[in-house]
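First up is the structure itself, then whatever we jot down about it.
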């Protein structure tokens, strides 16, 4: 990854024209120029070196109607993308990294739509599981954010047969994806992918269990199994 | 029904003691007036990261006046957040900014209570207006940030028994400091801002004698001038060349628009000076 | 704060509104011209128990009443007075020292207490406090006002201004409250003083003989605060709630008539008999609610219009916030940053110019029949 740390930036500092760079985190556009919006070091990532992201797991099947419209237009837009420059431009970003910051403080980040988060189940109802988000991406969150896994977002198939108490129990640690900023209090999360679901569960006897199938955990001491929406181990 | 267990103070209000200033009488002329040039601001000291438990913090101090008995400004700002909003508040696609400006009880000549009085709330609203233009609010949906400023020492002439109207001009000085210090603390907290907003004050002052025409000075200390006819406090974004908050107060005839323009221009000049300190401070914090 | 007044407008509506208000001449949603005020009905002297009162009802249904009450209060001795007494040894020594500052001969700003009550808001809410401070700031900036409250050396009038918005705050209530306060103060009368000198005050019972606080024959008038906003290059007066939602900058400008008395530090010019001379008392920036409006999504990045799902790119950068994009024509984006100095200057200039809106408003208020 060819990242070049060039300079330090303070908010409002001119970084360059939008024709030369793509805006990354910590920057903003004003009158077709890019300016820093954070205090930190400037990083420029060249697209050739940027890690190619491939979708992990099966892509959610689209319903027919939207698939049709999406295909026709997305093929054209992806073609456009190939030819047009924006994606080829290096991305410029300003980051506050721990080593820059002399008092070694982590910058607060927010869960974002599409992020994979780790959370702990607080309580369950027949309609939803209320969780508290602990980790977003690789960052442990400072503030407490509450999330909600609704029954229809637990898994991708046979949604109508999902029962929340057969998927989560209070105290479980769950890997989930943020699907919406949700309402005033909760982020909406989903575990409808193979690698999402419960990653750490405790049995009724209080022992840490290990997964044995896509929907079961077993207590190694008592030998009893319990139902969960199990995350596929990496 | 009187409380007999304690020794109570007098029932009515009392007057803070005023001591006769002997130095004032001897060399009244040497330190009475303004010693700085009309376009020079006081020296200031700014540092970020003073409160380790807060997400961001800053401390600002103005040089005290050459005149004895006049204290400078000392401000401490902490930024908490971004953090989740309380459950009762409605959904917000933006960061919810809340600003609190509080004078310490001992910050001014007359003691301040612990509850915020209207002038402190007013300062908070001014500060909010100034900062709201600077932060990029849509980067932080559903979250809130608290900006808390404690005025440890507010610009006041403790020695003089001067008229109370000085207080309003002091408020402008404090507000300009609040804007600068909050801007530094926001940058320290890592909250996206379009620019480093800085505050500055300019005033129209009466000359030494009644006959001289009024002149415009930056960063006024009320006790250094005979009379302040009007003042404005400006929050300025230096790289964008924009003003996020303008607060003018005074008594200016409409025919003298040039005077008003000059006042605002000088306010921007003062803000630009404060901004230089701010930028240097932030660069120091990075290095 | 103005930003607390909730506007339920979609990004598309905001973009449309902004576009129509930026045209030359601007097209306002209610068809007014840029410097036209909303029609209003006003009456004064509606509350018999007060020294002065007024009620104004705007055409959009917002209504405010203001009652002014005055009480006689003993003037507390200030520090200066005290020291004078100690040194001079008696009340007879006036003059000399008294010329030091203007406030000494004049009044104290604590003699005026102004409260604003807005339904549905706490009275210590900062928005309400801001309104009250703005209105009292304008009132007190005119130093002659508190001077008039002085009865003699030992006594003064304490004036209570209670401003009540009796309808829900449909739009930012500042212009309404300011105009109502103006009228209430104009109609305020204080009982005629019968006693003389520094003796305890004694007043005339005859209400008909009570003089006005703002004497009719003189030109002195209470200040008015005007709300002005700018969208693009247009300056719009008395904006409605919807218009505020797309404002670039909002200013509250307080102006008053120059009184007969000669202001200090102002070159004395001959008053023209017909035209009034305005003076600028205060300017405050009001936080425009437009900064808190939801942004629109341009078609280019809308998944419903064939843009590839943003999920993949955001996984790459967990810190990436809402993707920055350049302004697209017709897509609403909440304004960032402040206003150019030239725009602010133009706003103030427009208020103060001769025959401008401030003039018009003051003329209209003068025409209100005072009972």
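As written, the chains take the letters A, B and C, and residue 1 is the first residue of each chain.
Convention: a residue touches a chain if its C-beta (ideal position, glycine included) is under 8 Å from a C-beta of that chain, and two chains touch if they have at least 3 such contacts.
Just so you know, these numbers come straight off a predicted model, no measurement behind them.
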item	value
Most remote chain, CA-based centroid, reference being chain A	C
Innermost chain, where centres are averages of C-alpha coordinates	B
Chain B and chain C, separation of their C-alpha mean positions in angstrom	23
Centre-of-Cα separation between chain B and chain A, whole angstrom	42
Where chain A and chain C are represented by their mean Cα positions, the distance between them in whole Å	48
Junction residues of chain C, two or more chains touched	321, 336-337
Per-residue multi-chain contacts in chain A, two or more chains	26, 28, 30, 110
Where chain B touches two or more other chains at once, by residue number	92-93, 136, 139-141, 192, 194-195, 237, 240
Of all residues in chain B, those that touch chain C in their complex	13, 15-16, 18, 92-94, 118-119, 121-122, 124-126, 128-129, 132-134, 136-141, 161-165, 192, 194-195, 206, 210, 213-214, 227, 229, 232, 235-237, 240-257, 260-261, 264-265, 268
List of chain C residues in touch with chain B within their complex	1, 3, 76-77, 79-80, 82-83, 101-104, 108-109, 124, 126-127, 129-130, 132-133, 137, 141-143, 251, 255, 258, 263-266, 269, 277-287, 291-292, 294-295, 321-322, 334, 336-341, 344-345, 348-349, 352
Partner chain B, residues of chain A touching it in the complex	8, 10-14, 26, 28, 30, 35, 37-41, 96, 100, 102-103, 105, 107-108, 110, 142-146, 181, 183-185, 187
In the complex with chain A, residue positions of chain B that touch it	49, 52, 55, 81-85, 87, 89-93, 136, 139-143, 187-190, 192-196, 237-240, 279, 282-283, 285-287
